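One chain, subunit A, links the two complexes that follow: it is found with subunit B in the first and with subunit C in the second.
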Partner chain A sequence: MRKRSLSMAARKSREAYCFIIPAFIYMLLVLGYPLIYNIVLSFKNVNVKNLTKGGAIFVGFQNYIDLFQNDTFVLVLKNTFIFTIACLVFQFTIGFALAMFFYQKFRLSGPVRGLLLVSYMIPMSVTGLLGKNIFSNAGLVNNLLGKFGVSGPEWLVNTSTALIAVIIMNCWVGIPFNMLLLISGLSSISPEVYESASIDGANWGQRFLHITIPLMKGSMLSVLMLGFIYTFRAFDLMYIMTAGGPLNSTDVLGTYSYMLSFTQYEFSKGSAVAMVLFVCLFIVGLFYLRLLSKEDD
Partner chain B sequence: MKENVGQKEVRRDIRNSVIAVVLAVFFLFPVYWMIQISFKSDAETFGKILTYYPREFTFEPWLVNLQDKTFLLSLRNSFINGFITMGITLVLGIPAAYGMGRYRVRGGSIFLLTFLVAQMLPASLTLTPMYLIFSKMGFLGTHFTAPVAIAAASIPFAIITLRPYFKSVPISLDEAARLDGCGSVRAFISVMIPAVKTGIITIIVISFLNGWNDLVYSMTFNVGEAMRPLTANIYKFQNAYGTKWNCIMAYGTILVLPVILLFIFLQKYIVGGLVAGAVKD
Partner chain C sequence: MKKRLLTTGIAAMSLMVSAMPVYAEGSPTEVTLWHYFDASADAQAIVEWVDEYNSLQSDIHINCTYVSREELMNQYTIGALSGELPDIGMVDSPDMASYISLGVFEDITSQLEEWGELDQFYEGPLSSCMDSEGKLYGLPQNTNCLALACNMDVLAEAGYDHVPASLDEFKEMVAATTNADNDVYGFAMCCISTEEGTFQLLPWLRSELNGESVNVDNLTAESAINGLTVLGDFVANGYMSKECVNWTQADAFNQFAAGKAALAEVGTWHLAQTDTIGDAFKYEFCMLPTGDAGTSTSTIGGENFGICSGAENIEGCVDFLKWLCSKEKEGEWAVTAGKIPTRQDATADYTYEQEGFQVFVDEMNFAQARGPHAEWPTISEAVYTASQSVFVDGTAPADALAAAMEKITPIVEETPLP
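Our next item is the complex of A and B:
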């Protein structure tokens, strides 16, 4: 009897593996293998010349040393962080405000909340096209500014304003996504907590500070980390809107890595930049996974 | 007194709805902007005054695109990208989500961790090695290269989104199927899949959009314009049209159209999926 139940369990487990393993192997082949390949590549000197002829050698950390001694790379790294942090700040605060607003029950709350997500759904490449149009010299943004008597800058031509325009376009996409996730966080707070606080005479500000914020800490943190992971790896938007220019002022790790690999055909240098991107994401990703496993307990 | 409270409620409802509409108009204005430019004549596009709606409405910019052979090929390629990505995701993702949601497996948390991490990996990281691998195998410039890479991101999404759905199906349901003499595969296909229909529609839509929206894999693995989807050929058409923004915006509008249509008809599946995929369980 015992033996039979054991074999049942073994059979069940084997069954489960049959369902899971194909996807797992696929991930190993399409993601795991290239990931390791990329690490190896970043320590070699593979470029278009020795790719077919052979003769690429290991160069140790040379690619990384070159990168950090290169002013352009340092600028790109700086841009990536400025872009990510600025986007996080704006899309999180505005997204939070909208979440608080749309969390209230009123007739158009549901439909409009859904409508706002359209900007998140459209392809980033089209967002880039749109950004290029509305921030052009005689475009919508400068036209509107003109109505208030302000003459707008040449947004995408100036090295000091191009990144701002890119950040604004990215926030347009990120705000509704943050809003959506934060609303689902707000819904998890039981209304009774607010009711009893109201009875105790707590005003709106007190309720926000002492109930909403503490109870939302988990979901706020996970939205921010997820936002970091998705924003830090940006590529499509800059590639279409500014192509990293003018003078690398909107170049980020994603576009710079692409440019090294596929315009200059310095594959090893491109993969070294991708590794820097990966390490930054990995650190934040670890925190995110720890947070998720804590929520599980 | 009672009436007063009710009136206050109604007034609040109206006030909030008005604010919501204003927010939506402000927020969606760029989309309107794109669409209205796509119906402008060349003369109006190049005119000195920036107009906020087409003074003379014309389909010309749409026709310019729709009569272009490369455009039509790109449109076809976008659909191919979407459908192949969807196919791979469904075939591999649904069974894996089932296996992880229904069985207690040794090493189950390792599988879950792998899929969670996989979802976070940026395209830049695997782009160069995959390009070199595909190039050595002689696969560059074929229809399946980009979807193969895109599916590596949508399979984890499918698993993370669907697993809770499978978990919540009552155990009695597949036990009954087994008692009726169904094998585990038959029980899975004929009982479990219909039971998680909502989740599967979400996966169908999102994985299609992942393929449709892709830029970086499609343009890297396909050098030839005839093989590239709409997203990857934006550059070609931008160069061809110069500053003819009406044609460029018609291009963009056509590229966005399926996304908006899917969104209008399947909004509840998309919105639910976005939350489920981002917040585990």
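Our next item is the complex of A and C:
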């Protein structure tokens, strides 16, 4: 009897593998191959002179050592983290506040919420061009500041303000996205929970801290993790708005890797930068999976 | 019965034969051509010209595809590995050396030498189609250079009735025409952190000072430092907007066309866009006064066409290149697209801006090529980064150029510039 149930379990497990195999092969080809190719490339010295003629040699970790000794790469890495963290903080906080606001039932709540989504629906390249105009010296932002008697900075020209302008434009796109996801999270909380808490005498702050936040933990975590992954690999916004300049002040790992590989034809160095990007995102992904499994437990 | 079977058989055979694609002897080879012409005039012209060539011969049938410049360059790089390349490809002249090195283009030296018309091409544009051994991989289809556009109304208000004749006079005019209250700058140019920026910066770095001028392999020379100092001072004194570090060449021209810059560094192709100025103000063009009195420097631009590796019918594709770059077609294209022919024997009868075109044609005598060098993009990056550090951070031009030379020197020591 025991033997029979074992063989049934084994058969079921075989069937399960049959279902997994197509997806596994797909993943292996579409994700595994380019990833392995990229890893191999990052340990060689492939450049414009030897890409097709051959002669590229294995250089071990030399590309990575060169990168971390290069001031530009260190600046780019710093920019990427500043950009990601700043965007996450502002997008999440403002997105959460808006989600709480629009979750209330009031007249025109739906249409205004829909209007806010417009910035999320605009292609990033268009957002980049808009940002380039809005933050130019005589652009909308400085014009508005001028009306209040404030002389605005040269946003996209100064190395200290260019990244701020790019962060603001990215938040403009990211806030509605955060709001949308967080509203879905809020909708999943049963109104009865709030009702019973109110009957027990809980005020707004207590309801927010002890009901909303704990019950929204899963949604918040998803929004933050997705936001991190999406923002960390940013490319098109800075590519259009500033081309990574001035003086690499808005260069991030995505644009820098692209510049090394496709503008300077330093393919191995570009791959090494892409690997650094991948490793950072992989760690965040693992962290997310671990938190999810803890939630499930 | 037999007869009916035979009739049915013949009918079936006829049907099969008629349904089969015709690959009879003499049918043209399907050829793909990728280009990035995106201005209305040249984008339309390339399609019409390809149709015309298709109707003139039956060896190849060319299918013309537009791919944006950035995407086209990426496709060449990817295609160098995957082999997925068009048969005929367009490329920006300074990039060609890199793609030759990547193996994107076929060596067509023998076919072009047999043609016997290579000596008619200007040396600069033709050299951009060669590798370091002098082998040819394509033909220069159009060329252009940079000159100075002057708003004569603003100059008149500042007390000048002529275009600048020397660097000193140019500096004076830039200072005199700047009007901060009206947001009018004396000078506008593109210094963006791309090849466009390098293209516009090079005339100043390769300017002539006390009879001496240098190439990018010696940017710590006094003449190069002086050239960058002139531009750095413009920015520091507010005569040129710091925003030039984000301006493309189109942006710089738009500043001039909108009356926001009295003088601007512009390209030949902008002559086809002067209708945007209309009657708003009087304008003239003159050679770039970059150095000693009576001297000028400029940079050669333009597009080349090459035959990509693995092309099916190389001979047929080369014939198309010869036709496209023939004496008559070169002249015609220059007028259509607002460019300069790459051949000395071609005549371009410009129907508009004739005086302006003459300035650019004269300027071509002082225009220098970029490279050709397989690692030009890295050299270019060093050039625009040095200039941006002067404009944005206020770095001393000598220090900025010394930093650039730290990147450039190992490259040119390994493979010297021609």
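Keep in mind that, in the parts below, the second predicted complex is superposed on the first by the 260 of 297 C-alpha atoms of A that agree within 3 Å, B and C clash if a C-alpha of one lies under 4 Å from a C-alpha of the other, contacts with A are read in each partner's own complex, and residues count from 1 in each chain.
In this text, a residue touches a chain if its C-beta (ideal position, glycine included) is under 8 Å from a C-beta of that chain, and two chains touch if they have at least 3 such contacts.
On a predicted model such as this, the values are computed, not experimentally measured, just so you know.
Asker: Given the alignment on subunit A, is it a clash or a fit between subunit B and subunit C?
Answerer: In the arrangement built by aligning on subunit A, the partners subunit C and subunit B clash.
Asker: Using the superposition on chain A described above, determine whether A:Glu15 touches subunit B (first), subunit C (second), both, or neither.
Answerer: first
Asker: Examine A:Val157 and indicate which partner it touches, taking first as subunit B and second as subunit C; both and neither are also allowed.
Answerer: second
Asker: Looking at subunit A, does subunit B or subunit C touch a larger number of its residues?
Answerer: The partner that reaches more residues of subunit A in the superposed model: B.
Asker: Output check: A:Leu88 vs subunit B and subunit C. Expected answer is one of first, second, both, neither. What do you get?
Answerer: neither
Asker: Tell me which partner A:Leu51 touches in the superposition: subunit B (first), subunit C (second), both or neither.
Answerer: In the superposition, A:Leu51 touches subunit B and subunit C alike.
Asker: Does subunit B (first) or subunit C (second) touch A:Gln264, or do both, or does neither?
Answerer: second
Asker: After the superposition on A, what does A:Asn137 contact: first (subunit B), second (subunit C), both or neither?
Answerer: second
Asker: Is A:Gly245 in contact with subunit B, with subunit C, with both, or with neither (first, second, both, neither)?
Answerer: The answer is second: A:Gly245 touches subunit C but not subunit B.
Asker: Who does A:Leu115 touch here: subunit B (first), subunit C (second), both, or neither?
Answerer: The first partner, subunit B, only.
Asker: In the overlay, one of 24-32, 78-86, 204-212 or 222-230 from subunit B clashes with subunit C and the rest don't. Which one?
Answerer: Among 24-32, 78-86, 204-212 or 222-230, the clash with subunit C belongs to 222-230.
Asker: Could you tell me which stretches of subunit A are touched by subunit B in one complex and by subunit C in the other?
Answerer: The answer is residues 51, 138, 261-262 of subunit A.
Asker: Taking the complex as given, what residues does subunit C use to touch subunit A?
Answerer: Of all residues in subunit C, those touching subunit A are 73-74, 77, 80-81, 98, 101-103, 183, 192-194, 241-243, 245-246, 374-375, 377-378, 381, 385, 388-389, 391-393.
Asker: Which residues, counting only subunit B, touch subunit A once they are in their complex?
Answerer: 12-13, 16-17, 19-21, 23-24, 27-28, 30-31, 33-34, 37, 50, 88, 92-93, 95-96, 98-100, 102-103, 105-106, 111, 113-118, 120-133, 148-149, 151-152, 155-156, 159, 184, 188, 209, 212-213, 215-216, 220, 231, 234-235, 238, 245, 248-249, 251-252, 255-256, 259-260, 263, 267, 270-271, 274-275, 278-281
Asker: Using the touch rule from the top, collect the residues of subunit A that touch subunit C in their complex.
Answerer: 48-49, 51-53, 132, 136-138, 154, 156-159, 242-247, 259, 261-266
Asker: Show me the residue ranges of subunit A that touch subunit B in the complex, using the header's touch definition.
Answerer: It comes out as residues 12-13, 15-20, 22-24, 26-27, 30-31, 33-35, 37-38, 41, 46, 51, 98, 101-102, 104, 106-109, 112, 114-126, 128-130, 133-134, 138-140, 143, 172, 175-177, 180-181, 184, 219, 222, 226, 229, 232-233, 235-236, 239-240, 253-254, 257-258, 261-262, 267, 270-271, 273-275, 277-278, 281, 285, 288-289, 292, 295-296.
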